[in-house]
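Structure, as structure tokens:
By letter and in written order, the chains are A, B, C and D; residue numbering begins at 1 in each of them.
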Amino acid sequence: MLVHEADIKAQTETQAELLTRYRRIRGETEQLVDPLSAEDMQLQSMPDASPSKWHLAHTTWFFETFILQPNLPDYRLFDPDYHHLFNSYYNSLGTPFSRPQRGLLSRPDLHSVFAYRGAVDRQMNWLLAGQSLSPNLEALVVLGLNHEQQHQELLLTDIKHAFSINPVLPAYTDYSPEDDDSVDTADMRWLQIPSGEYAIGSDGDHFCFDNESPPHWQLLQDFQIASRLVSNGEYLEFIQDGGYREPRLWLSDGWAWLQQQHVDKPLYWQRREDRWYQFTLTGLQPLQDPEPACHLNFYEADAYATWAGKRLPTEFEWEVAACLHHQPDQLAKANLLEKRQFRPLAADHGQTQFLGDLWEWTSSAYLPYPGFRASADAVGEYNGKFMCNQKALRGGSCVTPADHIRMSYRNFFYPHQSWQFTGIRLAGDLL
Amino acid sequence: MLVHEADIKAQTETQAELLTRYRRIRGETEQLVDPLSAEDMQLQSMPDASPSKWHLAHTTWFFETFILQPNLPDYRLFDPDYHHLFNSYYNSLGTPFSRPQRGLLSRPDLHSVFAYRGAVDRQMNWLLAGQSLSPNLEALVVLGLNHEQQHQELLLTDIKHAFSINPVLPAYTDYSPEDDDSVDTADMRWLQIPSGEYAIGSDGDHFCFDNESPPHWQLLQDFQIASRLVSNGEYLEFIQDGGYREPRLWLSDGWAWLQQQHVDKPLYWQRREDRWYQFTLTGLQPLQDPEPACHLNFYEADAYATWAGKRLPTEFEWEVAACLHHQPDQLAKANLLEKRQFRPLAADHGQTQFLGDLWEWTSSAYLPYPGFRASADAVGEYNGKFMCNQKALRGGSCVTPADHIRMSYRNFFYPHQSWQFTGIRLAGDLL
Amino acid sequence: MLVHEADIKAQTETQAELLTRYRRIRGETEQLVDPLSAEDMQLQSMPDASPSKWHLAHTTWFFETFILQPNLPDYRLFDPDYHHLFNSYYNSLGTPFSRPQRGLLSRPDLHSVFAYRGAVDRQMNWLLAGQSLSPNLEALVVLGLNHEQQHQELLLTDIKHAFSINPVLPAYTDYSPEDDDSVDTADMRWLQIPSGEYAIGSDGDHFCFDNESPPHWQLLQDFQIASRLVSNGEYLEFIQDGGYREPRLWLSDGWAWLQQQHVDKPLYWQRREDRWYQFTLTGLQPLQDPEPACHLNFYEADAYATWAGKRLPTEFEWEVAACLHHQPDQLAKANLLEKRQFRPLAADHGQTQFLGDLWEWTSSAYLPYPGFRASADAVGEYNGKFMCNQKALRGGSCVTPADHIRMSYRNFFYPHQSWQFTGIRLAGDLL
Amino acid sequence: MLVHEADIKAQTETQAELLTRYRRIRGETEQLVDPLSAEDMQLQSMPDASPSKWHLAHTTWFFETFILQPNLPDYRLFDPDYHHLFNSYYNSLGTPFSRPQRGLLSRPDLHSVFAYRGAVDRQMNWLLAGQSLSPNLEALVVLGLNHEQQHQELLLTDIKHAFSINPVLPAYTDYSPEDDDSVDTADMRWLQIPSGEYAIGSDGDHFCFDNESPPHWQLLQDFQIASRLVSNGEYLEFIQDGGYREPRLWLSDGWAWLQQQHVDKPLYWQRREDRWYQFTLTGLQPLQDPEPACHLNFYEADAYATWAGKRLPTEFEWEVAACLHHQPDQLAKANLLEKRQFRPLAADHGQTQFLGDLWEWTSSAYLPYPGFRASADAVGEYNGKFMCNQKALRGGSCVTPADHIRMSYRNFFYPHQSWQFTGIRLAGDLL
């Protein structure tokens, strides 16, 4: 069974509220593609990324495949081809269409994909506005909405990567932040956390993905953790100190990656005539020293921490620290998608940036929690099968929806990947 | 000097006629993309192919770069970025934009590319309608038009390849040929050509590319050459006889290609429940036995010829045979682009298919003719630098414009390439 | 500082005893290459493996580089070129010679490498037989000996892989085990381990690598663990049930590996006319059902466990279970290198196989223990920089020296690697 | 039929003379490996090259497979495994052992390979010393000896490449040429050749490979050709003029090769502190300006010729010029294998270097001569199947046996290959 009891309990909203939420989230996706043309939405710049149009269709496919088709009698697929084309990785539903070739699907065209969204939305509306759903089905709708929100974030990071290839360096939006050189980065303070046995994982009061459960205890030793993310200015010092040329700072696989790819600076950074710039969703912008350094991969994060004489936190340390240093209204204040900043912001005083701004690499491998079992049905391919070779990240980013993130949320990427909004929070042992 | 004297002589048309031709050819390109959406025109399915939108822009770039910019005083580039983005391979004009990433240029959008075409067309119109051009400049315009026609053909073969990746198998046009099982293939006859010293290359009366000159003499021995192309039915016999499994039939590099790519049939052929189909510009169609076998690469052509106890003709043999067996009105009758068949047709009796239907692989390497010298200026990169590792092909195809092809025309592709409309004409020695 | 206090304490042996150990271990290495020719010792069949000759030289390089050179006044290198050629991965000592090209070092020849060993051994003898060493230096000698033992195991697994490529399928030794079909595999029992807080890591009484420390506590939940390794017969059932064809059994990266490499059986298994064989260090041998299934990679181990409705143990669960089910004389009885079996043996009744036979994949990522810090000097590159992307394995194998293995020993390999003697022990949750 | 009539006529030597020749050539091969150890003879540094031991065995396999096995009644193979292991590329004899893995065959060991040679030699001796052979069989023996001589050259170029990878830079022989700075290069003169119809190919009086026939006529235009090879000093000027940085000098595929491989100098050249060196069969040696520039590939040869305002000759021009400028005793004087120089020598006055010193790239593709037909039996795979994608080279090198080379001899390599002793002779058109 996919849906854990904890999840079911969480469904305290009425069905009417769920319908409202459905409309809001589905609408948000369409709002996000508003600045994009049909041609933009076709782009796939690497196998890890997908075209915007594909995101629009795949999220819809999820509702059609897991909710409408099994639950509506005589449901007729919008288009049988879509079943194959927009399956991401559910092998139990047939061999998915080749991932690196998603950018070659000019057909169905954008218009048809919007029609697909409309048709599925209408059926979902009928379902949600109608008789009471089973808890299981309701949980699947909630899962589908969280799934859609994950793709909202991917849609933005994927189009950012695609635009970065184009020498014209297109801007996703024309919002141009002021040059805030005046803003000082808040000093980095060290939060001290005492050793102990801490509860980890979903609290059971809200929706969570299966990978956040079962909740369990972890033993932690005394540690300290930084009060904010590492800034561009700090990362520049690492570069200027020869960080990218000193093998002793790097993990073995990291050094191999760096040498094979001839890397000597973060993805999206450019140096033009003695000044640093970075490509952003608002086009090429001068690098702001106080802002958090972003689009770093795990190898870079780890090498920086080694250079700084620190280390990365484990995901358990992160979760405990984030909960202990919980701030009032932090979700509302955090730099998440709704702020429409599309970039991490310099921490002002008092802000800890645990939520929003950047996904934070942890030293933990992304592995199942004790007692984890994936669901036996198709949705069971959601998380479990990726629990190998990836690192856990925490905290959400400037393009994560606010009602999608929480302290127990576990994201995961391969150590070499840097196209997500990812950054560094340092930690250290206490002697 | 790019333009050979022979070429200049050929310019017997008035400038007014040239302007008419300019409009016709530029208009033809735009007509060819009529069935395509902006999303379709974005597709690049492999590094060898380019998006339709890129073809539209690059052909325009050619006129702007080689004609407008150097010849119009104070000419202002339509967009300075385009100079880089739509340069194909002219290293002397700066490093071209990475070829395999042309499909990632959602910007400029299609609308802007059409605007680019319009702006350049208006300036070209002004130039051609105005005072008398120098012979050199006029020759460059003619070169630009022939260049545009080359890209008309590529545009069609490239979109065919891109559509073939999509499981939906879109049709470029909905023209659906009748099932002409009734049509018998004309018998294959053997044309006998006596040994002798033959003139090869441009006759100097018409435009030609630099690679067709200088005209010169070649000694040929007695040979015979087939009266038509090899048909699907004949090629099927080769397959059914185990042709793709017998290494002795293949060139060493061909066998390596076949094994690495796991090839056992031509590109675009599919077998579904005991019947053969091929993907065409009109979608998936049942394979017609009498039609010429197409989308074969050189390795397949050579292996078939070996299996058949024959060989491929040299490009000189081909040119001599095609000229000697010249038929009245053959250009008008040939299956070329204007026929809008978009596929090769079965040879009816008396037809030799030297022009149109399919490009014919020759056994000749694509090499310079004796005395060939490439131009020293930028346009000199047009042909000469490709004279290595490729094979010469002759005769044009069903998507070659009629006023673009001639007996001396030399096309060239790598032996492993099969996305062009390419086929086989057999030849043999006389003992 | 490289050497942890715990290690220093462990040096209870006298210097004379250490010298005896030095001679024994160095002699064992040379005995292991006895069946090999100079040509055999040149072989490198993949980048992960090294030639036997290189192992002979590199282990010697370790003593020369870390002990003789810094500690003997006016020490003169045996050959300055060797400093570069036989450096494995210590970037702080200069760029090592390209790993995948180690097989191209015909010079120095085998004779010179033995001369190198002799020269270093004489100097080490002088050092160890002489005045009292500092604890640090003594610890480095012990480290060098453990390092040599690691390479003894690698030498055997590497030559096994190299021989497996040769169609002649050479045997490393001619010892031919009897066909022990009569031997029944002991039944698989389930050892129950109660939840609790358990001490993990080196006990401080013996030598350990830095990755086994600091010792620390881990919380474990109730679990059960199998009393023996999975056998060939059991693994065959997985194959016959279509295990290699069912994506739902596999981790996502595992399924990708399987498809790219076209894997449908374990490395070294062959099917010949309805009978299964496996390539061993004694040549090709019929597969014995009761023997442990070996040369499985992590993906195969995980898929098998999923198919069996179980899971792999964490490395902490493994260590606790192995300590709790400690058997009298188990080191002496275990199937380790000294037994010269060169293959895992069927578990007889009462045997748990925690030590010897096969390295056992755990579900744990190979990561630093809380508070771990790598040494700042060159030897600090020993373990820490590999703590990414690899899995922890436990227990030693049939080619691990008996005085090299212990319950806290952590080995590590990438999930796709299978050329080591690796196998499966199942575990499960208690509900 | 493999053996052309021309070849059979050539067999004017008695069978006794043939036996003497057999012994001499087979002995020469063994003499060439004299400076090499068993470990050296195991080396394979790239797929294009083979281990010396493999050359020793494969040349023997040729005699066993094509002569002994089919012609001696009840002949028993020396070792049935060898039939597979030492087959190079004769697919009609079964799938050959994987070429890139030849270096992994430590077994059979060198001793066994010499025993193989001895056993086959004794049987060959018996055959040749016995009753009269059929012309066909005699021709096959001659082919086998020429085949062995080809491998003598490859053996030397392959071991040179393998040694070049080893940082120790071993010398094959210790012969160390004097620093002959005093020797001036002879001036480059231009030999004028008038246009005409020239006979090309084997003269029928000597053995030739099938690719040198049928003899036929070629029309040549007036041309000029250099009186000697391009020297190191001249090639250095090309480098210093930025030749490796100017795309306009290069063929398109050549520029792509140069960029992908980051090439900026010839293979085996090194610059150490303002002085140029090259790796040779006598170890690293200072570059001598007057000596011919060697180990250039076709792309480099073509780019140099373009830079020099010249071109490469066609293979027909080369053959005609070499025959017309035939010098008395040139074979005896030429720098061929028997001179044991192992490097090209500066041309002294009057020498044309057509034979020996370096293989000379021609602009011709390696293609069949008119009327060429490969043999239908296994030996027919000898030459014909390689007639694609390669360039023709002429003239032999400093490691070609003197009785193996002739004016009509056609060698062939891929344009990117440079591990053979290859160099440049310029040619030009006459206006």
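Side notes on the structure shown:
Just so we're on the same page, contacts are C-beta pairs under 8 Å (C-beta built on N, C-alpha and C of every residue); 3 or more make two chains touch, one makes a residue touch a chain.
None of these values were measured; they are calculated from a predicted model.
Steps from chain A to chain D, minimised over paths through touching chains, total 2.
Hopping across touching chains, the smallest step count from chain B to chain C is 2.
The geometric centre of chain A is 38 Å away from that of chain C, both derived from CA atoms.
Averaged C-alpha coordinates put the centre of chain A at 47 Å from the centre of chain B. Counting partner chains per residue, chain C shows two or more touched chains at no residue at all. If the chains shown are joined wherever they touch, the resulting network closes on itself as one ring, and no chain has more or fewer than two partners. Touching chain pairs in this entry, ordered by label, are A-B, A-C, B-D, C-D.
The residues of chain B lying in touch with chain D in their complex are 89, 91-92, 197, 216-221, 247-248, 250-255, 298-299, 302, 363-365, 367-368, 370-371, 381, 385-389, 415, 429.
Within the complex formed with chain B, the residues of chain A that make contact are 37-40, 42-43, 45, 53, 81, 84-85, 97, 101, 103-110, 162, 165-168, 170.
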